Amino acid sequence: MAVFVLVHGSWHEGTAWKEVIRELEARGNKAFAPTAAGYGKGADKNVTHAKCVQSLVEFIVKNSLTDFILVGHSFGGTFISKVAEAVPERIKRLVFQNGFVVRDGYNVMDESPPATAALFERMANESPDKAFLLPFPVWRDAFINDGDLETTKRTYALLSPEPLQPSKDKLDLKKFYSLDIPKSYINATEDIALPPGEWGWHPRMSNRLGLYRLVQMPGSHEVMFTNPSGLAEKIIEAGRD
Amino acid sequence: MAVFVLVHGSWHEGTAWKEVIRELEARGNKAFAPTAAGYGKGADKNVTHAKCVQSLVEFIVKNSLTDFILVGHSFGGTFISKVAEAVPERIKRLVFQNGFVVRDGYNVMDESPPATAALFERMANESPDKAFLLPFPVWRDAFINDGDLETTKRTYALLSPEPLQPSKDKLDLKKFYSLDIPKSYINATEDIALPPGEWGWHPRMSNRLGLYRLVQMPGSHEVMFTNPSGLAEKIIEAGRD
Amino acid sequence: MAVFVLVHGSWHEGTAWKEVIRELEARGNKAFAPTAAGYGKGADKNVTHAKCVQSLVEFIVKNSLTDFILVGHSFGGTFISKVAEAVPERIKRLVFQNGFVVRDGYNVMDESPPATAALFERMANESPDKAFLLPFPVWRDAFINDGDLETTKRTYALLSPEPLQPSKDKLDLKKFYSLDIPKSYINATEDIALPPGEWGWHPRMSNRLGLYRLVQMPGSHEVMFTNPSGLAEKIIEAGRD
């Protein structure tokens, strides 16, 4: 039996992992999915990246979690990198699921295609709380491209506005890059939430991990919704000794 | 029920889609596969790219086709780009199946590896009608690499000489790149008709579409022959709302 | 019925192909897997690349093998390139299975990421016989990333020290690049023994073959251990006419 802590990405919250947790637990594991500060409907969007990370560390400490596999999806990759700096002794392995692996001193905006970064910044600045939602056509074609229309609409309704500031905070990752925690990268082969190639997830992000275990599966950025059973199996494979 | 218009690429004609049409129609859809002017055995090879496109537009108008999904395979990607400029209001979505997405002002020769472009031009110029056939070893190993020898030979016999001129015509695609018709790209993961990487189909061609839905499947450039059922399913997935 | 000669890579010896041979022969084929000079436990590690190749050519000649498909895995790609120069008339097709395709005048060190090459050279130089073993964490996460821990440990015990010199010998491959023997490349899609991208196997190595047949399968660099049945099927597909 393994213990997993699953960290969501932009626009998502912990409940997005619901079906994946069911699949992990049906296979004899235990899984937790906290929601970072500033995320979810109705949350106060006035947060920094550090505050998000702090809320996740507090969840881990409060629940006395140790010897767990820490999984970060998408933007959640930045959260688990900083959580690993805070409580490395508690973590057995880090798993990035199409997750951001940011260079030391950079932010997520730097790591995103300039046109996308500019669009997101403009959308956030048009909102009073500097938070913004992903446009539906982008969700449908570039995020959940393996989902049918019903799934696409049902899951779009689960999303909530993304606070801009965490994407703008430059991240000091010197300690992260010196940690000797084993690492894995799960890549869904049809994930185009970042455009494949120069700005893509894999191998651009994954290779930055140095020695890592690659695990791939068919599917989009949102396999947590379109294939939770397959994703659970890959998380187990990525996390095993 | 959806309506599909399937546009062939170089050396092929409309009948190449025969088995795919059967599979699409067995799933409750309707599909058409016109042959572009200048294509097919015995056709007059003295055509321009514009004339090919015109013949396809005439087919669509004559058959009163509207609200259809327009699919272009390989060189057919250039045809559907220009057909979309001519009759955008009739098209629900564009689907490129390992199709050329040419930059505005360029031609297919510009988009092909220089050695290949030079070989094709030389072969065409050795022929009285400036048309040329793909050499069998290239067909076997780089186009239909997932086919057994029997399939490879049977389908090679279906090919006909490719007129050179449409590959040399520079294409004005300004309007195409301004259209807001949704787009999808189907990539067969073992397609090496264009060499993967710098000169490859995906993500080089696909990313040029801007926002698009990626759909992938195992197989070669010629899945229409080696896996028509699988291709039909992917065309449906690429074309759905 | 086809005849296969299977050539191992670094740290491996001929017996690594045992299960693949069983699968090939269960499908009506015949297969041989010689061990190159200098390879295997207890072998004299004082060899050059030329001596390794000579030992493989002698095996082929002694066993009167002709009209066979020559398969090279990993470093074995360099061996089959030179064997093909020595006895081209005996070979029906060359199959590189995530194999090195070295540029004329270069060596395997030149073709490897500089940090890896430096690590291997340092490890070899610390050993009296200039031979070195792959560290277990690298084997587990970057070579056999699709294997469970039991398989990973069992197969690690089969490895033996790699002589450094063959990786340092510059290879004259002018004749190889002029041979018209058909070629195939088998790529396992999760193989990260070379980091994907700039230093990866495919398409960097494969495209150097010019015209080749691409065959892909899921799995790591060590599918000979984790999926011998699947690999046997892909070797047959890669090798067929």
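Chains: A, B and C, in written order; residue numbering restarts at 1 for each.
In this section, contacts are C-beta pairs under 8 Å (C-beta built on N, C-alpha and C of every residue); 3 or more make two chains touch, one makes a residue touch a chain.
Here the structure is a predicted model, which means the values were calculated and not measured.
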Copies subunit A and subunit B touch via same or different residues, half shared test: different
Superposing rotation of subunit B relative to subunit C, computed on C-alpha atoms, to nearest 5°: 120
Averaged-CA centre spacing for the pair subunit B and subunit A, given as whole angstrom: 37
Touching two or more other chains - residues of subunit C: 189
Subunit A partner contacts - residues on subunit B that touch it in the complex: 182, 184, 189, 202-204, 206-207, 211-216, 237, 240-241
In the complex, subunit A residues that touch subunit B: 137-138, 140-142, 145-146, 148-149, 189-190, 192, 195-197, 200, 218
